[in-house]
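For reference, chains read A, B, C, D, E and F in written order, and residue numbers begin at 1 within each chain.
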């Protein structure tokens, strides 16, 4: 029994050893990632327990995901072995947009996309304080989407990161599916940003977005503003935290670290500002390296950061 | 217009930087490979021209394949850009069998597998001295198989490497398809080995195999015996060449280098022994490195090897 | 509750990226090792459960050991955090003896050497099928030695690897301590070799050694003969298996892999020859790489090796 | 027949893997470079064809240059093999000036410096839209200089990058030679900067420089201002574009990318601002990596940069 | 006989190849460092001679230190071989504080800490212009501390860098010991910063600090302000120099480079501003790389930096 | 004043990080080498002192050579700084001949080739026990050759390694020059092999060669037989030692290590067999790595090798 349950596809990441178009990259560095796994690790670094409901292939990459997740304290009891291959992706860094990364997926038909409602152990989900998923899981397959709906149905509390990836579905499909989810279930914490909100609601202004999302049953909104920072809304409270300026190696995974850190502290009753500041610290550290979750700080290390940086 | 035409799927290879199970490998080295591309490069190193009929994805990996092939002198005029992804594979070296490699493919549904008869330019094929393909191309898709049959129909002369990969099709399917091909077309040079011949004919003995293949219309048989060497048969001639003992880094691609080298020299009227010896030299050098075609020697360099090693 | 319990010091290994005297080595590759941890992993790859009784420092290297052990399925519930530093060592490869390695320890006063009888949970040890330790644990500190004696006192069955390291104690001290242990407890499986046996008994001949060890209460003797192979004795049975010739990268850890593999299969009732052959396969694979346990095969992979190599 | 012809020496670049004085650098990363080759690649990325008139050695580095150039679409039909060695250089980064690089050449007497008027195929040059060269080619040898004069004599249109390298000739010699060239031929596009203009004309002010260069028959002036950006003049038009702030890995080659990009778009009739902006984008991306031309963007990718960065 | 003598422990540094918590770092890059060795090298780069009084182990790392020091021109005649191990440390970069490093020492009981008064050759010290040491040497052992006191007793002139490392001693112990040293000997140049001065004097303000230190017999104060720059006081002179903004790889060793550069020029009679500016340049270059002394510039290279950056 | 003086050109070596044709090699590893420097280091590892008479460029590579030589204990007082560039070379390994290396030099006109009689300090040479040089130094320039003749004229005792490199001179020129040297001076120890002897004397048989060389005034002949071992002749003594079989990384420098080791022990009065065996050990270790002198063992380490391997 864990504090937090996340549903999603863990992936092997092959990050370019050198910047630039992939055809000029000779070496690739392997990392273990996936939005919901990154989220889980952030939850755990902040001292709640977290389990991942997922599928991986019966191959070295699948074993790699399970072993890494277990090493980081993730409860892997709900990760099933599937006959399909384990999903992977490559990260092209800095081209054509400096400080940004492009992801090249090999995940269509992957084991992770076979996630289905039958993988959702009812007791496991019901006893958790909160269930989390993202737009990615809704996008990768019908069965994965159904798994999220089933888990949200059973959940005490829910958090959701919109995470709309244009390579996985059309904006129309994304809007329809996510709004259906938001319409059906109250979301304790919604994590999103202006780009996704533009697709979902046609607007980008934070305050306006909060009003709309609130009408849809969202209790707390964590609104990510990229290099500018993030703002959080709850009831009448609003807190903003500017981002830190640090050298960017690869921004992939920063949002997941922020979300997991925020949720973990939120569930422990920390005040919004505290949780937000820690979330910003987590995303700041994550962008400084290749790899999406290694730099996610513990609560104590984030406190050191806030004091000393 | 080229001397030799090959049909097949070029792939990006990610070779383990360190030996052992992939989950313990942190860095991967990129190479450009694929059986028929390796073959083409060997043909060219021995001073005939060669073109590849193939498809690659509209992505960095596809561009990488075209640029690399072009750099090596391959005629890339017949490589089409396809909407699907470019096929890739990972090489796990030395585990669980020392000095052997395991290949993990991400090629199902790839651009390369979309190769189809419409890609076979009739003039291009008809004017070539010889058309080459392998069991891999027959296995990756129905349309690719049809492309091989069409090209063989048009060809002046044909060479074929059985190359049965258990991960791509069943032995039954392999036997049925390859025997159909051999039944339909006279093969100038067949490249195969005891494992594949066991599947195709139920036998492994070289002489017996030659008799059977000859009945099927094979004119020349290049029979690879792995670490032992290779034997070649034509009419009443039979030549054997022992393999050289060298440190093995990755045996992948050795057979392709031998085949391409042999065919190129064969077409230039070199005697069987000369062509065989050069083929053995090529495969010897290729096993010493990661990457399947970089070490394939020119005719002149192979002569130096034969004199000085 | 686990099948097998091992007591010892897990260590961080820094293996030379290039061969030769350490002062000329510019890069070092990190691995997680330690004789008993290597043993544990081998036990687990052969499908029994295994737990490690140990201490690590409250630092990144200590966390690294726990996370890695957990990832490999080791039960880490009995690994305590200690205030001292985590022990480490460097591997100098190939100098001055080709194909051999020299170990440079930074472990004196380490957390691992603080292992003491109070760390030995009685229930945990009593319920295990077998308890394992090595001469290294006896050598690193008085308290660690006492822990081994306490655990052996409580154990249902015991295995012991003599593993005399001249850098840790004198031959005299080693002989006295190990013979005291052997005198006090019946050992189900003793793992040793001619060098250690020379120190302990003044002899090296396998058969003679078996007779003497048997008198000391040893039931089964696994006698390692280095590059020649190994021989095993039990009752009237004797089995020998030659070593395989493979390229040697670093022999460190080969004996641990052999021991853990042998014991795991032995406990599962496999016959001596089967267990010995698998042990030889494990040590063969381990010497091919830097890192002491990554290449240790599963039972199934070792079977593939035996069939295909 | 190609759109653009460039004359110059392609070189192998060995870039420091780590920052600092070369004597402390242990690893070097190979790239293919040379001002005019970099220029050619930029022309091609913007969809015109380009050929290089050059010589390389009959060695692996010479073959490397030809293969790489061909891979990038450069027409290599005019690259001759010469008996001399292929020119190379080393890049020392960040010392003693942060974010700047020092080049250590091994090119005196190289194959590339043997470039001579006899290498200038008249038809090839006459049919091109534009012929390009740089001060480097004028400096490396008398025969190379003569080749540039011959090609400019035959050219429909000319572009020239002053590129005065103090390691190759004295300021006096540079001034004399370049002014002679400018005096003799109308230059469609002159690429230069304040440092070179100081040597050539004794002034640095952009507007003043444009007036003077115009008197010398320069039609369009692309005036590079380093980290500040660049300004372009043509007739009564003047456009300025600030540089982007990005992390600098190695500035080498940035000017070539800007020049080639600008010229290619200029020849396609794009307006000055468009061509300038794309040129700035190209140089911005190139400074972010080791290697002089891998990051040069296609027209489309530069448009994405301008929109998204 | 050398111009400057320094006493301290040279160490082997293992710097993380990638940023982040050490448990996620797979490769480590070896450098030779230690505060007083870094200082010595800076003295030498500025053209005075310098010798190190120290001990190293009788092992590869000890030999490495001697060979590297000798290569850099350090007089190694006073480095003794000791039976203990050579001290080492690991550098964790960027976590949890971006752009900062954490040092993990394995130096307790090391050969370097065995430094003792008997190692202080009286003639060697008496004939030097200046003797230098740091708070680190005072902290590593009683005998090392005594060696510093003995050397300072014999010295013509003294410089001292407070360098209080919380991992080596308590603030109380540091204050007591350093104030005793300052109380006993006139210090020609004291190098310190606000953090250390807070511990020593309870204040941080530069001017106030200078007044207090002056009362303790300090003639010249070099007050380091981290990323802000540094200020120097002597008699009625005060000079401030802002730090340069450059990408930070690892700040370790920057202070030593500044101190050694400043002292060397100071001893050569350069004015305070000149020496300070060169000191700032040295620390600027050192923070840009892993390794503590490779980037320390010569006087001439620093002048180029000041002119061209 | 040193025991042994060597004259020759030290060089920077760039060794391929991966096997194969240089155009496919992306990374190069820097080492410091040169036949006579390798020789010097071997002399020193066996506890005699050695100085190198040479020139290097006034650049980072020149400084690198001096610093490295000094670090290894070479007396560098006779290394002059020259205005020309420092000579370098690249090592292509394993292609086209497995286990062999090809050297690509950039040394024509180098600082090292400017070595001249004026560099030969008469006292320095006269007081040495022995002066050493090689056919390489005779070949690189007239002035370097003259320097060798001058030094041999002054020497008490001489050793000479024929080392005929076809890339540096023709066989005719080599024969003429070396025979002139041998004709003019008695050589205490001549180091050569069948290939060079074929060129010099038209024969290859060791015994016959010894007879002929003896007539030319050679006292002791060390005759290297490559992978077979080596044989030494002196007066009526003849000793042969088989080579050890080890994995070969790069054979470059093995002969120098053998020569230097043999000479050093020979001068210390060790018997021929002892010196030969140690020479063979040195060459065995050197072939196992990239880099020509790092693996050269001390006398004590070679003894361990002889006992333990």
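Everything below uses one rule, namely that a contact is a pair of C-beta atoms (placed from the backbone, for glycine too) under 8 Å apart; a residue touches a chain by one contact, two chains touch by 3 or more.
A quick note: this is a predicted structure, and the numbers were derived from the prediction, not measured.
*Asks:* Roughly how big is the turn, in degrees to the nearest 5, that lines up subunit A with subunit E by CA atoms?
*Replies:* Rounded to the nearest 5 degrees, it is 120.
*Asks:* Suppose you list every residue number at the subunit C-subunit E interface; are over half of them used by both chains (same) or under half (different)?
*Replies:* same
*Asks:* For the interface formed by B-C, which of the candidate pairs C-E, D-F or A-E is equivalent, sharing more than half of the contact pairs by residue number?
*Replies:* When the residue numbers line up for over half the pairs, the pair is A-E.
*Asks:* What is the chain whose Cα centre is as far as it gets from that of subunit C?
*Replies:* Most distant chain from subunit C: D.
*Asks:* If you tally the C-beta contacts for D-F and for E-F, which one comes out higher?
*Replies:* Result: the pair with more contacts is D-F.
*Asks:* Just the number, please: Cα centre separation of subunit A and subunit C in whole Å.
*Replies:* 41
*Asks:* Roughly how far is subunit A from subunit D, going centre to centre by Cα mean, in whole Å?
*Replies:* 45
*Asks:* Residue numbers in subunit B touching 2 or more other chains?
*Replies:* Counting only residues that touch two or more other chains, subunit B contributes 21, 26, 67, 247.
*Asks:* Can you name every chain pair that touches?
*Replies:* Touching chain pairs, listed by label, are A-B, A-C, A-D, A-E, B-C, B-D, B-F, C-E, C-F, D-E, D-F, E-F.
*Asks:* Quick check: in the complex, which residue numbers of subunit A touch subunit E?
*Replies:* Where subunit A meets subunit E, its residues are 244, 246-247, 249, 284-285, 288-291, 294-295, 297, 301-302, 304-305, 308-309.
*Asks:* Which subunit D residues qualify as touching subunit E in the complex?
*Replies:* 18-21, 24, 94-100, 247
*Asks:* For subunit F, which residues are in contact with subunit D within the complex?
*Replies:* 14, 17, 21-23, 25-30, 59-61, 63-64, 67, 85, 88, 92, 104, 106, 108-109
*Asks:* Going by the contact rule at the top, pick out the subunit C residues touching subunit A in the complex.
*Replies:* 67-68, 70-72
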